[in-house]
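First the structure, which I've put down as structure tokens, then a few questions once you've had a look.
As written, the chains take the letters A, B, C and D, and residue 1 is the first residue of each chain.
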Amino acid sequence: MPVDLNAPLPACLALLGAWALIGAAGLLRPSSVRFAGRTLFPLGAIVGLGLAAVAAVGLARPAEQVVLAIGLPDLPFHLRRDALASVFLVMLGAAAAGISLFAAGYFRRGEGTPPGLLCFQYHLFLASMGLVLLADDAYAFMVAWESMALASYFLVVSQHRIPEIRRAGFLYFVVAHVGAISLLLCFGVLQGGSWLFTFDAMRAASLAPGAATLAFALALIGFGAKAGLVPLHVWLPEAHPAAPSPVSALMSGVMLKTAVYGTLRVTFDLLGEPHWSWGLVPLAVGLGSAFYGVVFAAVQTDMKRLLAYSSVENLGLAFAGVGLAIVFHGVGMRALAVLATIAAIYHCVNHAFMKSLLFLGTGAVLHATGERNLGRLGGLLRRMPWTAWIVLVGVLAIAGLPPLNGFVSEWLLLQAFLFSSEVPVNFIDMLLPLCAAVVALCAALAGYVMVKFYGVIFLGQPREAALARAHDCGWLERLGMLWLAAGCIALGLFPAQVVAVLGEVAGGLLGEVPPRPAAPWWLLVPLPDREASYGPLAFLLVAAAVIVVTAVVVRAVYHQRVRRSAAWDCGFARLDARMQDTAEGFGQPIRNIFQPFFRIQRELPDPFDAEPRYRVTVGDRIWGYAYVPLGALVRRLADLAAYVQRGRIATYLLYSFLTLLTLLALVLWNGPRS
Amino acid sequence: MERTAILTQLLEMGAAVALAPLFLGWVTQCRAWLQNRSAPPVWLPYRAIRKLFHKDAVLAQDASPLFRIAPYVVFGTMVVAAAIIPSMSTLPLNRAADAIALVGLFATARVFMSLAAMDVGTAFGTFGARREMMVGFLAEPALLMVIFVASLISQSTALPVISEALATQALGLYPSLAFTAVAFTLVLLAENARIPVDNPATHLELTMIHEAMLLEYSARHLALMEWAAALKLFNYACIGFALFLPWGLATGAAGPQALALAIPALLAKLAVAGLGIAVIETLSAKLRVFRVPEFLAAAFLFAVLGMLVHQLLGA
Amino acid sequence: MELALLLVIPLAGALLLALTGARPRAPELNVAFSAGALLAAVALAVRVIAEGELLLGREQFFVDPFNVFLITLTAFVGLTTSLFSRSYMRVEVDHGRIGAGRLRLYHSMYQLFMATMLVALTTNNMGLLWVAMEAATLSTVLLVTLYRTPASLEAGWKYFILCGVGIALALFGTILLYFAAEKVLGAEGVTALLWTHLDAVKARLEPTVLELAFVFLLVGYGTKAGLVPLHNWLPDAHAEGPTPISAVLSGLLLNVAIYAVVRCKVLVEGSLQSSIPSQMLMGFGVASVVLASFLLWRQRDIKRLFAYSSIEHMGIITFAFGMGGPVANFAALLHMTVHSLTKSAIFFAVGHAAQKAGSQLMDDIRGLITTSPTIGWGLLAGTLAILGVPPFGVFASEFLILTTAMREQPWATPILLVALGVAFAAIFGRVQPMVFGETSLRRLPHPPALLPVFTHLGVVLLLGLYVPPYLADWYRLAARLVGGH
Amino acid sequence: MNTVAWDLQLLNLFAALLLLLSFAMLSQRRIVSLVNLLALQGLMLWAATLLLAWRTHQGHLYMSAALTFGLKVVLLPWLLHRMIRRLKVYWETEPVINPAATMLVGVLIVIFSFGLAQPIAELASTTTRSALGIAVSVILLAFLMMITRRKALSQVVGFLSMENGLFFGAMSATYGMPMVVELGVALDVLVAMLVLGVFFFQIREQFDSLDLHHLESLRERD
């Protein structure tokens, strides 16, 4: 089938179809690990690579549309691929390639759903995510959106024997459904009287300011529920750890970004001219989520929950970028709006690679040790060198350290915030620079969290004897992780090229393509008229040179005698692994400083306790303030409604008697109709 | 990249590496005088480093390669930071990294040091790492606000541009800059483990932060770490000069004679700064660890005040 | 000729099975009769598509695009339910819950019930429609009380009395209709009650009389359709009888009741220009959706849970017909189809699950997927379909209904969406632990009937993604017939 | 001319008696006399239909009168008496609301029914159009009786009294329904009675009493 390069949409669709086919093939032999693992998942990875390549080609091509035969009789599926969709498709393809490769080696024994069925749900999940990015009418978008939620729900409850996992799956699916309902309402408002639900009609419809604001609010709620913004984030730390690691990597890495894609699509494409004040809400909620996520990540003791909260943080930063872009766009500073959008999209792409790598790392650790609790890990660097060193790249990237990609998107975001003081609205021009401080705080805290994550798992002494038998992961898994690490490094070292591409995408979306800066290829100058620039390659070369020179000089000057001895135990004879800092310990400063944010339950023994138990559980206040009362309200209403069904036939007859009389009275009262 | 630019770049990096221990020795000497103790010789740090280089390296049984690589990485990052900060003249490498990249660089050093500390798995290593990271994440927003205020004035985050803009401004009392300078000083003290936050001289388990991480290091690795710490103090001082005492910097275009003028200016500034640090250290006592957040919150508040004053009064 | 065949086959089946109902081959006979009825229905449908409306049996029977798709649906679900009842009853007989006599009663009443529904759907005479509805009630009462347990007796009694009273009111409504028609069509009596004639002259009928007639008819047939203030009998009746009967009651009888209400609405709406009938229907619809959703939270019996879900979906359909207009009617007809297919599929799966667990309480049914994956996945897929999760057809019709509601009745959309959300949380929260988790069920000797469950869900999935063009035109034609502004 | 034709007077008399019987059934406590009142109501209905058939010379009315007599005056009361003897249930327990209140509500219902039937009666061309109000009130009174009864059997008597009201309504509004419908309705009522008989025996066997408070276990909330 000749791939027509200047019209990649059919090729993209074919590849999504290929994914679905691979999934269906998994059903043929559900219980065989070899068939699903060794053949189907690598095939899925190759299709992922293909999708990334085709979408990358599509980046430069103009937007194109196609109408499928399926769908409602008078509203068939409209699909459209434009630059924005292509960027996210590239991200989906590239991340899926690495994760599928890892998954090929990961799924071994039949714990939970059989591998064939898991392969089916996994590839259906990928295909529906692709469809979400391509959908061009409300019905297709909703079908793809909820199919994505449905497939990921099944993946989350793959080990359904454990009650917590079932509870997490239920919570996830209910919040996803609530989000979908608000999206349905949003599309209802968006069509603005034309009653055609294709996105083109919505683009053409000009909404009254009130309706536009309502549509934006509903879209923000809907997409916020999927992205895990603070009030609606409770499902994320439950669902991601419950899923098998490749799936949580896919959910954290890629699925959450469909929410950012959706927000950009609705705000700039469908609504067209967003009012600047709208931007403040995603900005405030984004920063709130970022801070809330990272603070909670710092006190977690389960490694996958820690990464899930870190996803809440990164998505919060992305939404802050989008909010800032809306503010700039609203006040007419188009160049800065483009910069903020580039920062948001760049951060999404970075996070896709970084977070997937970390989740895959935890997957490898989980399979090697069978442990998820940080209190029972440690010292794995010596037993799992490959995993440890590759995950170190991810850790440094997500902590936002210079040569790697995490720093670049934060740098762009901070640059955008720097120029926010020129916003011509008083008060706002003072508040926005303060937000820069919150972004910096979150970035620094992310460093703190990642040091804790890496230090407690890989470094130090093994806290359990069983860890001695831990073995490194297979070559397929290493390959998958290496691909993602390479992605992190490449995105970190060549930001100028990436920003150029994203510039066109954001420019196309916001209606003003930024001029290409006259800078050497290795230097990133986001705003031609401003002096800020960042050249990671030169930066890395100089650092490497200095380190090599130091090492050589020290080697030359210094005699090579090295002696090994026991670590210094300051006189205390038996230094064992329990004396290391535990995960709770490492989180203690955060718990102490940000105490009002947590719901801390302490279980301290009284002095006469036979076997004292020290237990500190850190809960989420929002769960107690928002979700528990909501559940209680619904239950109270249900009890109220139950009064109708009291069991006595006389009351039932009375209901029908009264209904008859009221309706007759209503008809009579309205008077004879001539 | 002309030859002279490369030459000035190398000169500046060499000068920084060489002068750093001297600056540390000078600060310790001033402190001794102020506390009327007999002061150790100014070149004591050089001797300590040379001595350490000749000792046998003792490593813990299960120290991983990360533990041995970390000193080189930390020292390397500090030298690169020195290469970026325009202590004497604007440098070609400035275009590659601006102030935010500098903050990132310091963060890299801090992360690597913490990871190395946690690697051996003793109580003190992780203890120190945790506190170092805490001070780190509290100081970074304040440092960033300081840079932001400076960049608001000069419309750019590149250090040479900032210092040039500040240098060419009309002489006068700028309250915003004053507040920012105070904030910067507090951050400097916190980041370099000076008295109010951490006592550089002590090995008292409960209070040490920076020293706890170096506990397991010995010989050449310890030397590198000590040298890196001195270099970090020197870098912070140079950032302070670039932002608040920008005069005497040779701009890129000027020839060797401007450079010649810049060296004594730098030495003078270093002497004054060293004395300043010593005075602050003798006057203040060490804070409890969980008072450090308030200390750094004060720094952040000063920086924000500086920014608000700049926005409102335009000064 | 097809119509005669369509009606005679079930009646003959009822008589024959009354005699041989207990024999070993009786279930296969039951399936054969249902299959015969389906063939006749398909033949009738083909003929109607080819020639358009049909007036047969001296105008007593009338088949148009609106009721022919309901007839085919009824016959199809009748066939699949008989397939399911074959394996279901085999297990019931093994467990000794059904004797030989009652098995004969079951089979004959089943076929009689199919016959009465088909008569109700095809008749042109409003009086005969009433008689068929009454006969349907009578036949199902005996089926609901098949197990002779105190609960089933109580359910049967309530079902009989409430529906009997409701149907009596409907009779008075028919009398008023007949009275209004006689003034216009002259007093020769035979054609006054024929729907085709009434439809022709509906503009000239007396508005006040028709309005009162509509009230009585709406309350009457509304009781049969389980609309909220009149719904109390439905959860008990659908939960206590044998599961094939619950499937057929929930899937088909409710549709026939709604069909009757819509037939009357067409007449009444034609005569009077006011939109009171539509408002009444919408009022009943919204009330049903809201109350049923909140009642779902307290359920502990799986069949009562899905009975309330039927009330909720009937509410949605009534609301859609209340809104009127081509899109809403089209969506309502689509919703009727997918709802009856999905609900009967769910009851099939629930039937097998309840037999495996030996009780209908949801707490006793755990870990279906581990013991019998097919039933587990069937129940889960059915639940997701009934909750309106996109790939399935229920979402397609709900999407159309909600978007039309946003245009015409914006006040109703948030209420409906909140109720749908509450219902989603309630049902999914209960079904999930049943399907997943540790299992407590025992394997049964007889294999479950899986064909019906997965054919139904397959059709619903197909309707969700791709509504075949001829079916779409069929619905559009019917939607225009139902009319409304 | 106030001297309306004598047969119309007789018809109005039967209608009035029908209404009176409905009120009597509303307050009756003994089930045996309740069934007798039902039979009387059937008799009144039969007489009115016969009179109307004679007056309007409509063939099918004679048939319907015969059907009413056979079913409502002879067969159903006989069946009910046989059931009472077999089930030995003679006394109705205390009704749900006291008789005085029921009477008051009954009067209100009659007023409402006349208000309801008045616009229809104007349009009716039949001579007995004034009886339509009575028919509606008999239906609603029977409905009220079903609500206030505690015994299953008396609820069925209410149901049958409602059927009588319906037939009288049909007869007064449109001189009865088309024959095929009348036959269908009669057949349905007969089958309903047989089914109810089966019910009574099953309920008696399960709860050894016909009191309805045993049938209250299926509920959401107690």
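Odds and ends about this structure:
Here, contacts are C-beta pairs under 8 Å (C-beta built on N, C-alpha and C of every residue); 3 or more make two chains touch, one makes a residue touch a chain.
Model, not experiment: these values are computed from the prediction.
Set against the C-alpha centre of chain C, every other chain centre is closer than that of B.
The most central chain, judged by the distance from its Cα centroid to the centroid of all protein Cα atoms shown, is A.
The interface with the greater count of contacting C-beta pairs, when A-B is set against A-D, is A-B.
Centres computed as Cα averages put chain A at a distance of 36 Å from chain B. Our note on geometry: chain A versus chain D, Cα centroid distance of 70 Å, whole angstroms. Centre-to-centre, using mean CA coordinates, chain B is 79 Å away from chain C. Rounded to whole angstrom units, the spacing between the C-alpha centres of chain C and chain D is 31.
Multi-chain contact residues of chain D (touching two or more other chains) are listed as 116, 119, 143, 146, 155, 215-218, 220-221. Of all residues in chain A, those touching 2 or more other chains are 639, 642, 644-645, 649, 653, 664, 672, listed in ascending order. Every pair of chains in contact is given here: A-B, A-C, A-D, C-D. Residues of chain D that touch chain A in their complex: 96, 112, 115-116, 119, 143-144, 146-148, 155, 212-213, 215-222. Residues 378-379, 381-382, 392, 396, 399-402, 407, 411, 414-415, 418, 421, 429-430, 433-434, 436-438, 440-441, 443-445, 447-448, 450-452, 454-456, 459-461, 523, 530-536, 538-539, 542-544, 546-547, 550-551, 554, 557-559, 561-570, 575, 577, 579-581, 585-586, 588-590, 592-593 of chain A touch chain B in their complex.
Interface residues of chain C, counted against chain D in their complex, comprise 60, 125, 127-128, 130-131, 134-135, 138, 141-142, 145, 148, 150-151, 153-158, 160-161, 164-165, 168-169, 171-172, 175-176, 178-179, 182-183, 187, 189-190, 192-193, 206, 208-209, 212, 235-236, 239-240, 295, 298.
Chain A meets chain C in the complex at residues 69-73, 138-139, 142-143, 145-147, 150, 157, 160-161, 163, 166, 169-170, 173-174, 177-178, 181, 184-185, 187-189, 191, 195, 197, 634-635, 637-642, 644-645, 649, 651-653, 655-656, 658-660, 663-664, 666-667, 670, 672-674. Within the complex formed with chain A, the residues of chain B that make contact are 13, 53-54, 56-62, 64, 66, 72-73, 75-77, 79-80, 83, 93, 95-98, 100-101, 103-105, 107-108, 110-111, 114-115, 118-127, 129-131, 133-134, 136-138, 140-142, 144-145, 148, 151-152, 155-158, 161, 205, 215-216, 219-220, 224, 290, 293, 300, 304, 307-308, 311.
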